[in-house]
Structure formats: structure tokens, C-alpha cells
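Structures follow.
Both of the next two complexes hold chain A, though its partner changes from chain B to chain C.
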Partner chain A sequence: MTAVYKGIKRSSSKFITYAILLVATVIVVYPFLWTFLMSLRTNPEIFANPWGLPTDPVWENYVVAWTQGNLGVATVNSAIITMGSLVILAAVSPITAYALSKPIFGRRLLFYALLAGMFMAPQVFIIPLYVLLNQLGLIDTHLGLVLVYVAGCLPYCVIIIRAAFLGLPQALEDSARVDGLSTFQTFRRIMLPLAMPSVYTALIIEGIWIWNDFFYPLILTRSREMFTLPLGIAIFRGGYMIQYGPLSAGTFISMIPVVLLYLVFADLIRRGVAGGVAVKGSTRS
Partner chain B sequence: MLVPAVLLYSLFRLYPILQGTYLSLFRWSGVSPQKEFIGYANYLELSNDPQFYLAFENTIIIAVVCVIAQLFLGFALAWLSLKSRSLGRLFQSAALVPYLTSMVIVGTVWTWIFDPTMGILNNLLDVMNLGSLKQVWLGNPSTALFSILIAMNWQGFGLYVIFFMVGLQSIPRYLYDSAKVDGLSDLRTIVHVIMPMLKEVIVVGFILIITASFKTFELVYIMTGGGPAYTTEVLAFYLYRSAFDMLKAGYGAAIGNVLLVVALLIAFFYVKAVRAKE
Partner chain C sequence: MVRIVLKNISKRFQNVTAVNNVNLEVQDGEFLVLLGPSGCGKTTTLRMIAGLEKQTVGDLYFDDKLVNDLEPKQRNVAMVFQEYALYPHMTVSDNLSLCLKVAKVGKEEMSDRLLRVAKMLEIEHLLGRKPGELSGGQQQRVALGRAIIREPSVFLLDEPLSNLDAILRVSMRVELKKLQQKLGTTTVYVTHDQTEAMIMADRVAVMKDGDLLQIGSPVEVYTRPATKFIGEFVGPRSMNLIECDLVDKEEGAFLDFGSFSLRVPTKLMAAVRDRPSDSGLVMGIRPEHVEIKNSKDEDSVRGELYLVQRLGDTNYVSVSIGSNLITAKTDPREEFRDEIFVKFNLGLMNIFDRKTGKIII
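Then we have the complex of A and B:
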């Protein structure tokens, strides 16, 4: 095999690599771009040529989505529910994770209970959950959804944060003890600050998940005033005639916070979603 | 310290799960105050219900296709991304965006792509002179499930690109180099050197994809409603229809218990797999 031939072979394999990656990137990105372009067009324009560019951008589509499509209200609801859930998760999960990293009574049982819950489709328990929330008067309320999300997100948060605690050197804790700190002080002043990156990671990932979730609001809310964004979009879409422009606009609106988060915290999010592989020893109990 | 978490988790997760097992022994509309105890009759009905088998079969098909497609795409594209850094980085960042997008949006956008009048897929086929392949993608019983699988894998594969990137980058450099020195081809390097090192990634990926497959609901709800002719019916969606459309809450709870058993098996497998590694 001559050197020239080898060179050609190498550059052609390089070309194929580039081509495949380029096509894959286009396939991933184009549907979003297409939706954005449609959000600035009218129905007749779209039907005439689905690939076309907006000739005279219809920004009103965003106004229509926000008001007529009820997505303004839905955005506020999604924000309240997501933030509310995250505040409670931030308060509850680090300390739970810390406790579960210590050899305390019942931790093995609780840990497995959390793990089993993580693999479960929400449909498994949605009927009794609906009945329960109904009895508590929490159907169609923000609080009801918040409590359900906190319970649902606990397993992932606890497992991720616990792994961070387990990764910290034991000597840190021992020296805190020698300095006369109580268990809680050790947690609060020494260990938690060091485990903070895992807390942010868990909260961002779960925040995105809650923001995007469709199934719980579908079952646990009733009135237009309580709809979250994904539910609002699904309902808006189910209307008499599909208004592609405003619907695309709504879709785009609902994606903005997630995309912004991703642009700012790309590495954190990537590490968070890779948690499944990165968290070694996550089941050590 | 554990009280708030245990309380919340028990009340809103564990209690409903147990209650579901109990409810599956009743004939109950879900709304009326009357519940009639019927023992295991719901399960008997389930075992004779062709729609349940159809839903189960479709769920299994989804799981198998998604495992193969997403692990393959994840590995292949992570491998290629590492070979060409600049474009690879761009692709890798983009690939995760669908994964971070709500299923409602994924379902809506792909419904449009598959739409026979305004959709771009049929249009694209025309442009490529492949007009004979044009379909009413979501309305045709032989292509509906396939179409949903396209949307599903488009949404999910990016996660496994990241997984395999993490895995590939953790393999020590000298292993690649010594494979090259030994004159191994790319394919041989992959099979004999790389794959054994990625066992953990593959196992965790496998488990997560199976889990996600059994949770399939939103895309079916948005794109096809389980049709046409129940060809896209899946377990979670059939449960939803049984309980909330047909008002057979007890029956729905019985389907829920089938999903429960699957989830417990997966959790057991996960613990075993991660343990075995340690």
C-alpha cells in the first residue's frame, strides 16, 4: 500500500465522518428551526410551502399563543410549580442524602424504596394518587402538583447527592468532630458546601423534567387556570382548527427557559444526565 | 433528619403504589363511592384481553427497537464525534437538546413532520424522487408505530451519545495507541479493546432505555391516540384509557401492577448489575 493511497483513504474516511456528523446535526436541529420559522408564518403560507421562510414575519403569533392560547397563564403555572418543587427539594434532599450516606437504621430499606420508585412509570400509581389528592382537596391546585413532584424527584436527587457525599474523604468529618461540631453542624458547614455542585446538578435536571412534564398535570388538574405549559400546548393543539403559527410560537416559548439553562449550564447538565454512568457505587448501602 | 423526605415519599409514592395493588382487586368506576370486591377477576380478564396483549407486544417492540437503535446511534456517533473534534463538539451539544425537550413538543413537531399535507417528510421524499414511499405516516396501521419510534429515538438517542462519550473518554489513551501499533483495524479495536471497557455504560444504558420504553405515553397520546386500529397501543396508554376513559379504575390498577412488576424487575437487575461491578 503506497503512502499516497493511504493518504487518500484517511482523508476519505475523514470526509465520511464529517458528512455523517453534519447530517446527524441537521436531523437534530432542523425540526426546531422549522418550528421557529413556522411560528412567524400564516397557515396559508405554511400549506403553500412547508419549507418556506417567513416573508413578512407574523410576530402576532406569539401574542395569540400567549393570550388566546392561554399559554401566558400556563407559563406562570409552570414557573410556580417548578420553582415551588425545587425549593422544597433543595431543603429536603441534601439532608436526606447525607443521612443515607451514614450507617443508620433502616437506610437500606429506604434506599431500595427510592430506587424502585425511580424506575416506575407514573401510570402505575396514578389512580390511587388521584384518589388521595382528591381526598386531600389538592386536585387542581399548585400545592398538589408540587407535592407530587417532590415525591417523584426525591429518588434521583438523593441518589446523585448521596454519591457526592460518599465521594468526600472521611477525614474531613473526623476533624470536624474533633473541633466539636455537632452532626448537623458538620453537615451544614463542612460537608454540604463541598457537595453543592451535585445539588445544583440534581435540581437543574429535575427542574427541566418538571417543566416538561405532561402526565401529572393531565390527570391532576381540571381547569384552564391551572394548566401547565405542556398541557396548555396539548389542549391548544386539540382546538377546532390547528393554527400552526401560534402553536409553533407557544412551543418555542415553552422551550426558551430550558434552552437558556442549557446554554449557561451545558457542562453541569451533561454531567447530570450522565449521572447514571458517572455515579459509581450508587447502590452501595 | 429523614422525617420530611420519608413522610412525603411514603404518602405520595409508596402509599399509592400499595393502594394500587389493593384497588386491582375491585370492580370500581373510579368515581362512584361503591367498590365491589371481585378478587383476582381483573387479572383473569386481563389474561383474556386481546388489547392488553397488543399493548404489551407493542411495548416490547418499542423496548427492543429503542435499545438497539439508541445504543448503536449513541456509540457510533460518540465514536465519530471523538474523531473530528470541532464538528463533534457541535453535534454532541445539539444532540442533547431533543432529550431536554418536552415530549409534548416532540410529539407535536413530529406529528407535523409526518403530516401528509403540510409535513416535510413526504415533501422531502418528493424532492428526492422517492414519491412512491410517501405515506399517511400516522394514519396507516403499518407505519404508525414505526413513525412513533422515529420520534422517540430522535428524542432519546442524544443521552446515549453523552453516555458513550463519557465512557470512551475514560478509556486510557495508551489502549488506543497500542491497538494502533498492533495494527488493529478500527472495527477490531472497537470489538476487542473498546467494547469490553464500555460494559458499564451499555448495561446502564440498556436499563434506562427499557425503563423509558415502559413509560411510553406522551408520544402515543399526542401523535396517534393509540390508533389506527390500536396498532400504537402501549401499556401505559391502555391503563390511562381503561381508568380515565372507560372508567374501569380497578382494571387500570391491575394493568398498573403489571408495570409495577416490570419496574421491580428492572430495579433488581440494576442493583445486581452495579453490585457485580464493584
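Then we have the complex of A and C:
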């Protein structure tokens, strides 16, 4: 009887688990699916039946999105700005995070100053930022946006990576010091390799945010040749009418690189989220 | 090889004095053990010798060279940490050879040293593995290997056996001691395990609350502990410590324990009378210097059997005499009645000043 009861309990527990996972999958996958289905329909079709399936798929929406939205150029701009920002962040944020994890004078003040910047909404300082970039001749340039994104993403990256460094045992640094490594060698050969999962996590999360950002390119670019993907797609959202088909097609096109990159780096992201490498021993404060 | 001298070394962390005015000399080739309870300052002292901590006050010499401002690599020391601190992302081979690569040692010599050390510690088959794939004992050997390969002037070991199981710890103590004897390197070893200290040390330095209480050979520290604390801390069993007062009677001088008294041996009289203060006394006597019998004889004191702890090769019998509890070491084959008689070997006792805790005899 007990064996039967345990069997039923295990089966129902499995059923509940699978049910929850199925619901979660549907919630995550549905927006992708819905966007794709919308991209194959015309406006009259959508207004007549918003939840219906495409009766006669309109693949031309993708051509319209690509040509009218100038998505080819927009994709290249997004790629340059995102990759440029990530390269600088990858170079600067780990070493900043390491410095802020060591007991140096003023470390707390510096760290809180970095943190304080994160709490300010971009809309608060966009005007002085625009004026500054204009004076420097960086409006409507890749470099201008890259610098803005680096400055904006650096605090978040530093917080994530610093937490990883603080989680590593002090004994590793002591051991490296006794082995004769300088501070920079200790950082490069010992600490950074162990904190890499958190570096990847920070860069991937910030990379996705930069790729999808609408606000900074909207304000800091002028010409269509400098539009990023979110801006390129937005032209289908007119003042009097929204072209849902091409808009959805453009949105779907913009999702593809991000999804592909996630699939390639999924393992790294999972490891970074799970806390990276666990090393036995006392941690630093 | 090197002689280490600590002169008036103190280390303060904000309001806490971790090490207080320590003066210590480690002879060339000596195996010195820093022994004490947790928080006594032994690891801090070790770290100051290594150069990982800078002393607040005092000077540190290697031979006659002042090393206060020298980094660890400039002091030519090698350290084995309690947690081993192996680099988890590197193979055993890379862990061992990193210090040589940093020192720009030639490839051929690096390879020679690596193979020699791996063979010495029987870890040749582990060179391609990472620390996460090793057992505790294997990790400990690799940590030792990382120290040995540097051919340092000084080995510094911070409780390297504390993470091993009891059986492995016993065998590794012997191996470590043999290795140090073979290499002849000056070694400073930190432990809170007094058995380890007694077995491995040429000399033991006992610390408590940042103070260095006594330095001496294991036998000296065991038979003539400088303070009550050392008497309790050192030894497989704590020393029996019983408060008493010196009482002069017609027949002679006696130690009065309240429920019984013992005549002070003539040869010890002068030392007891000439002690610096008039405070009370504490008699310290090791369990193996206390004899228990079922029948009374001369100088034995009546007591009641309290508890028998059987360890297999020996028994520890606790006896209640008035308000005092005395422990004696006995043969495991002996059996005792509830009423038993205790005899103290007064020639082997120690007397401490009750107020200061310091030894008088």
C-alpha cells in the first residue's frame, strides 16, 4: 500500500513539474511565435481577427521591412555599436571590479559613486549629455553611442564581476603572492580566469540590452544611415497608422541574432547565473 | 637555509592586538611549531614571517638581513596553506611550475625539478589532473610539492593536515617530518593540535591571546610548562590542576587542598617559600604521575571512583577527592572499587602561582 502511495505521489509530483514547465515554456515562446505569425499577415486580416492564423502568408512583409526599414544598415550599426561597447567593457570592467574588490583607500566611496549613477534615469541627464556630445562632435556617430553605453553599463558589469572576485578565497591571492606573481599577474593568471563566468554573464546581459535599446539612439542620432535596428523597425509605427506586418517582420529579424547568440553561449550564461566556479576556502571581505 | 629572528614583533588590527611583542629565534634547519588555540596569533605570526602581513611594530631578520619591507618572493619563502590554495583552473603540473615560470627558470631545469618533486611525493600520475579531481591527501601533496619545487630557504606551513581524516593525518605527520629532515630546510609550522606539535617539533612555541608563553623542546614544554594554561593545553590529557595553600606545621610544610594535604618534598621547599608573591598555589600533576590503588598505603589519599574512560590501550580514571576531581592514567586491565586510594608522585609535580598562573617549580 505504501509502495503504491509513493508511486502515485511521485507521478503526481512529476505531472505538476511538467505542467509548470509547459506553462513557463508557452509564456516564453508565445511572443516569438505571435510576432512571427503577425509578420505574415496584412493589416485588414489582423483587424478582422487579431488572434487568427495567416490564411495567405505575406512573405513580402520581410522584404518591405528590410528595404523600407533599411534594416541592413541598421543591423550593421547595431552590431558595430554593441560589439564596440562590449569590447571596451570587457577590457575595463574586470580590472575595475578587481581594484574595487581590494582594500584600497576610498574603495567604498568609489563603489557607491558608481552605484549611484545606476539609479538615475537616462531621461534625467539626456539633455546635458546631448549638449556635451554635440560639443565634442559625437552626435550621430558610432563612437558617441559606444561611449554612452560603456559609461551606462560599466556600473552593472562592475557589480556582477566584483561580487565574483569577492567570492574567491583570499588564500588564492596569498598563494600567488608567495609564488612571486605581481598584482597584475595575479589578476590576469589567477583571479580573472576564475571569474570569467561572471564576466560572460555581465557582457551578455548588457549586450542584449544595448542591442535592444531605443532611447539613446533615438536622441543621439539624426540621420537614417546611423539608425540602429530598434529605430529602423520603428518607422513602421507612423503617426496615423501602424504597419503591423512589416513591423513584426522587422522585430523578428532583430530577434534572430540575439537568439542565435544565446543558443551559442547558453552554457556560459547558465554557469554565470549559477555562481561560476566554487572554490573551497575563506572569502575576502 | 636560514635563521629567522623576530624582535619585539607586534601586530594590531584597529583595536585588536593579534600579536603582542613576540621575540623568537628559529635556528637554521630547525622545525619550529607555533602551537596555540584558535585566535592566539600563530597564523598572523606566520603570515608576518611570509611577508603577507606587515608587522605594526618590530623587526624581522632572515640571518642578519632585515626583511621588514621585502615581499614574499624576495624573502625566498614557500608556504602551504590550510586550504591548500591550489589554483583550480590549472593542472597539477601548472600549479607546481607556475612559480618557476614567473621566476623565468629555463624549460629544461623546470622539467627536471617538476619530475623530481613529483617522484619524491609520488604524484607523477596526477600531473595532468586538476585540483578538483584530487582527494584531500593528493591535494595536500601537491600543495607541498608547490612549496618544495621552489627550493626555498624557509617552509611555512599553516595547519596543512587539518583537513585530512585522522588516519591520513597520522601518516602524513611522519612523512612531513622525514621530508623536512631530508631537505634540512628551516620550517615554521602552525597547528592547534598539540599531539602534532609534540611529534613533529624540534621546538614548540606556545602562544595564547597574542602572547608567546613558552619556547622549548616538546619534553621541556610537557614536563615543565611555563604556565597553568600550557599544562592544560599540552599533552594527550590535561594536567590535573588543583588549588592549594602552603601551610607550615610542626612536622614541616604542607600543601593544603582542603579535603587533604600533602607534605612538600624537602628539595622543593626553598623554591616554594621563595616565590615572588604571597598568593595561593596550584599544583599541576600529569595523569601518568598519579597512582590509584584499591588499598591504602603511605601518603595515599582516600577518594571515590567517579568515571572510567576506556581507550583500549589505556584507561583514564577520574577520582573525586572532596571537591577536587583528579584524573589518573591506568593499565586497561586494572579494575577499581568505588572507594580507592590516590598517590601523587610529588617529585614530578609542578607548582604554579594561583594569581599569575606562572610556574614556580
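In this section, the second predicted complex is superposed on the first by the 223 of 285 C-alpha atoms of A that agree within 3 Å, B and C clash if a C-alpha of one lies under 4 Å from a C-alpha of the other, contacts with A are read in each partner's own complex, and residues count from 1 in each chain.
The rule we apply is simple: a residue touches a chain if its C-beta (ideal position, glycine included) is under 8 Å from a C-beta of that chain, and two chains touch if they have at least 3 such contacts.
Computed from a prediction, not measured in an experiment: that's the story for all the values here.
S.K.: Contact-wise, after the overlay, does A:Phe119 reach chain B, chain C, both or neither (first, second, both, neither)?
M.R.: First partner only.
S.K.: Once chain A of both complexes is superposed, is A:Val158 in touch with chain B (first), chain C (second), both, or neither?
M.R.: First partner only.
S.K.: For A:Val87 in the superposed arrangement: first (chain B), second (chain C), both or neither?
M.R.: Once the two structures are laid over each other on A, A:Val87 reaches no partner at all.
S.K.: Using the superposition on chain A described above, determine whether A:Gly180 touches chain B (first), chain C (second), both, or neither.
M.R.: second
S.K.: Counting touched residues of chain A, say whether chain B or chain C comes out ahead.
M.R.: It is B that touches the greater number of chain A residues.
S.K.: Have a look at where A:Leu129 lands relative to chain B and chain C in the superposition and call it first, second, both or neither.
M.R.: first
S.K.: Just chain B (first), just chain C (second), both, or neither: which does A:Pro193 touch?
M.R.: It touches chain C, and chain B stays clear.
S.K.: Overlap the chain B and chain C contact sets on chain A and report the shared residues.
M.R.: Residues common to the chain A contacts of chain C and of chain B are 277, 281-282, listed in rising order.
S.K.: Along chain A, where are the residues that touch chain B in the complex?
M.R.: Listed in rising order, the residues are 14, 17-18, 20-22, 24-25, 27-29, 31-32, 34-35, 38, 46-47, 50-51, 91-93, 95-96, 98-100, 104, 110, 112-132, 147-148, 150-152, 154, 158, 184, 208, 211-215, 218-219, 229-231, 233-234, 237, 244, 247, 251, 254-255, 258-259, 262, 266, 269-270, 273-274, 276-278, 281-284.
S.K.: Using the touch definition up top, name the residues of chain B that touch chain A in the complex.
M.R.: Per the stated touch rule, the residues are 1-2, 4-6, 8-9, 11-17, 19-20, 23, 30, 77, 80-81, 83-84, 87-88, 90-91, 93-105, 108-110, 112-113, 117-120, 123, 154, 158-159, 162-163, 166-167, 200-201, 204-205, 208, 211, 214-215, 217-218, 221-222, 235-236, 239-240, 243-244, 249, 252-253, 256-257, 259-260, 263-264, 266-267, 270-271, 274-275, 278.
S.K.: Give the list of chain A residues in touch with chain C in this complex.
M.R.: Those residues of chain A that touch chain C are 169, 171-172, 174-181, 185, 189-190, 193-194, 277, 279-282.
S.K.: Give the list of chain C residues in touch with chain A in this complex.
M.R.: Going through chain C, the ones touching chain A are 47, 50, 52, 71-73, 77-79, 81-83, 85-89, 98-99, 102-103, 146, 150.
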